[in-house]
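Okay, so subunit A shows up in both of these, paired with subunit B first and subunit C after.
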Partner chain A sequence: MYLAEPLNYLSHIHHLPIAELEVGKHFYWQIGNLKLHGQVFLTSWFVIGVLIIAAFLASRRSDRIPSGIQNFMEYALEFIRDLARGQIGEKEYRPWVPFVGTLFLFIFVSNWSGALVPWKLVEIPGGELAAPTSDINTTVALALLTSLAYFYAGFRKKGLGYFGNYVQPVPFMLPFKIIEDFTKPLSLSFRLFGNILADELVVAVLVLLVPLFVPLPVMALGLFTSAIQALIFATLAAAYIGEAMEDHGEGHEEH
Partner chain B sequence: MDSIVAAASVVAAALAVGLAAIGPGIGQGSAAGQAVEGIARQPEAEGKIRGTLLLSLAFMEALTIYGLVVALVLLFANPFA
Partner chain C sequence: MFHSLILLVAEAATESGGGLFDLDATLPLMAIQFLILVAVLNALFYKPLGKVLDDRDAYIRGTQAEAKERLMKAQELARQFERELADTRREAQTTIATAQAEAEKISAEKVAAAQQEAQTQREQVQAELDQQKAEAMQSLEQQVDALSQQILQKLLGGVSLG
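And now, the complex of A and B:
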């Protein structure tokens, strides 16, 4: 994303050490000609680490009667499976559970890590640590992966007959369907990015005004909307995949 | 940054998020109202109605968030600065 010189009096408000507001400032890593946003990588690795450790602990000693973390992870798996089955359909949902589940878990843990982990206590040379999903590049990557996934699903199921979807149910839908292929990743990525960034900004602004207690309800609301956004992203990804694979002439709920 | 560009950007940012809040506000109000009506008519369907309502509220919210994204771009990543 193109970042010009920010309005400097707006992008750098800090009276308190914990209540800083920095938007559009990044901790750059230079690799060859590429400039990477280092803070996003650090927090993403943290999220991935949390997920891997949780999965490892849950599956290390699996019992017939699950308890503790195994029970919890099985509950999560069942939740994701039901989500995928509801959107993709009984017959074909099984191979897509890992994809939808990865999206959901990564986004969910990312969003909550932004709200629950005290990242502001960690000093880095530029920018600040925050939820990885509050960076547009992360959400665009996830949304483009979703696009690839539904094209792959459609072509694998129907081959070139997938293009038949574009003229269903009436041929003049063709331009709209083509535009839809672009607006799907656009709206997916902007929805997630905007919601998470808005949550973090609202909390940061409130902390700036009243540092104690007053931001708590807003933080709770932020946790709630973050969870809903993860659910929405996963549901929509599954719905798009299901839509790409559905048979002609069969009505399917549009989102 | 040129001061007139800065002023225009700030006004435009306020307008973007303010105007984008109108439509979803009306929509969310009417959706919530209908949901309450549905629950009053059929209290046993409350769980299902609540789930659907929350999901659709989040979709409507996204429209305001698009306005907010435009406002944030104008304030922090202004292409005309």
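And now, the complex of A and C:
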């Protein structure tokens, strides 16, 4: 019956509030002559609120024998520490734990909020609420911060000797290393943005086509990829920072 | 159907004016917001909980070292105890042995003394008996003369009368 009148069907579901697809529409805020994506900030504030409340509850009363949320957040912290230690190395990882850890937690909670919180049911004028990481601004911001972080790490550790990294194994690598500085933030931001947006779109399209039960496996897959994306972003950021601080030059010369 | 869907998506993207790759002031503000979140979480989460983790590690390491030390001390004490026990056992054995030897010596001496005494007493008694026998014999010999005189007289007297 539907196949007989596809256009009618489409126009019909187009008016259902749940099954609406809105891509690239934004809820603009105007500050001075700056334009902001309001929906991104609203959901990111929710994410930040969740993180801060969890952190506060976990460290409010810290015991030697942990229990409840303290136990859970300690598990998260140990996970983050292991990640940073594995990528940056035992000697240098400690000052980078907050940055790498916050990258992981922020992206992870953002992605899962997009998958678990029914944002789309909240009516806002223009656009719709979604995971903050499904907006390119967020992911580019995080990726550029990561770039700044690894430059900072490199210069802080080696001073101008950091440029030695560019000709490290062989001078012939110089152009590739320079290109890498641009591709790193690009790939970081687009990987995260593309994955999260694609997840949400696939779920939205499936909901639009078959509203009940069929999208559930894809949603579960979305949860999985969301978690993996957070892990990948944080791991790569830590790896870049570790790479910038790695001293291969002096070590070889001494031998 | 899919065609129309894709069209629908594309339409939505173009008509809004924003689009997917709409970079604006959200980017720097988001970066600043994220850095603030890093600072807040550092003060609220990483530092205190990290301190708890490190303190616990140090506590566990310290306690473990202490326990190891105590275990070694206990093992040392156990060995010392064993040694002392063995020494004491040996000592007790030697004491028992000497006591037994002494007791045997004493008993042998006593037995020997008793035997000697018994011997002397027996000899004494024997000597007495011999003496008495000799005396008895002597008195008997004396009486033999008298008696034989009497018997002779009796026999002879009868004949003379008769």
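Basically, the second predicted complex is superposed on the first by the 234 of 255 C-alpha atoms of A that agree within 3 Å, B and C clash if a C-alpha of one lies under 4 Å from a C-alpha of the other, contacts with A are read in each partner's own complex, and residues count from 1 in each chain.
The rule is short, and it goes like this: a residue touches a chain if its C-beta (ideal position, glycine included) is under 8 Å from a C-beta of that chain, and two chains touch if they have at least 3 such contacts.
None of these values were measured; they are calculated from a predicted model.
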- request: Check the residue A:97 against both partner chains and state whether it touches subunit B (first), subunit C (second), both, or neither.
  value: second
Field: Touching partner for A:26 - first (subunit B), second (subunit C), both, neither
entry: second
- prompt: Which of the two partners, first being subunit B and second being subunit C, lies in contact with A:197: first, second, both, or neither?
  reply: both
Field: subunit B versus subunit C as contact partner of A:235, first or second or both or neither
entry: first
More subunit A residues in contact - subunit B or subunit C: C
Statement: In subunit A, both subunit B and subunit C touch residues 6-7, 10, 23-24, 197, 201
Field: Contacting residues of subunit A [partner subunit B, same complex]
entry: 1-7, 10-11, 23-24, 187, 190-191, 193-195, 197-198, 201, 225, 228-229, 231-232, 235, 255
Message: Could you list, by residue number, the parts of subunit A that touch subunit C in their complex?
response: 6-7, 10, 14, 21-26, 28, 31, 34-37, 40-41, 44, 48, 51-52, 55-56, 58-59, 62-64, 66, 70, 73-74, 77-78, 81, 97-99, 101-102, 105-106, 126-127, 132, 135-138, 140-142, 144-145, 197, 201, 205, 208
- prompt: Quick one: in the complex, what on subunit B touches subunit A?
  reply: 1, 6, 9, 54-55, 58-59, 61-62, 65-66, 68-69, 72, 75-81
- line: Contacts from subunit C onto subunit A in the complex sit at residues 1, 4-5, 8-9, 12-14, 16, 18-31, 33-35, 37-38, 40-42, 44-46, 48-53, 55-56, 59
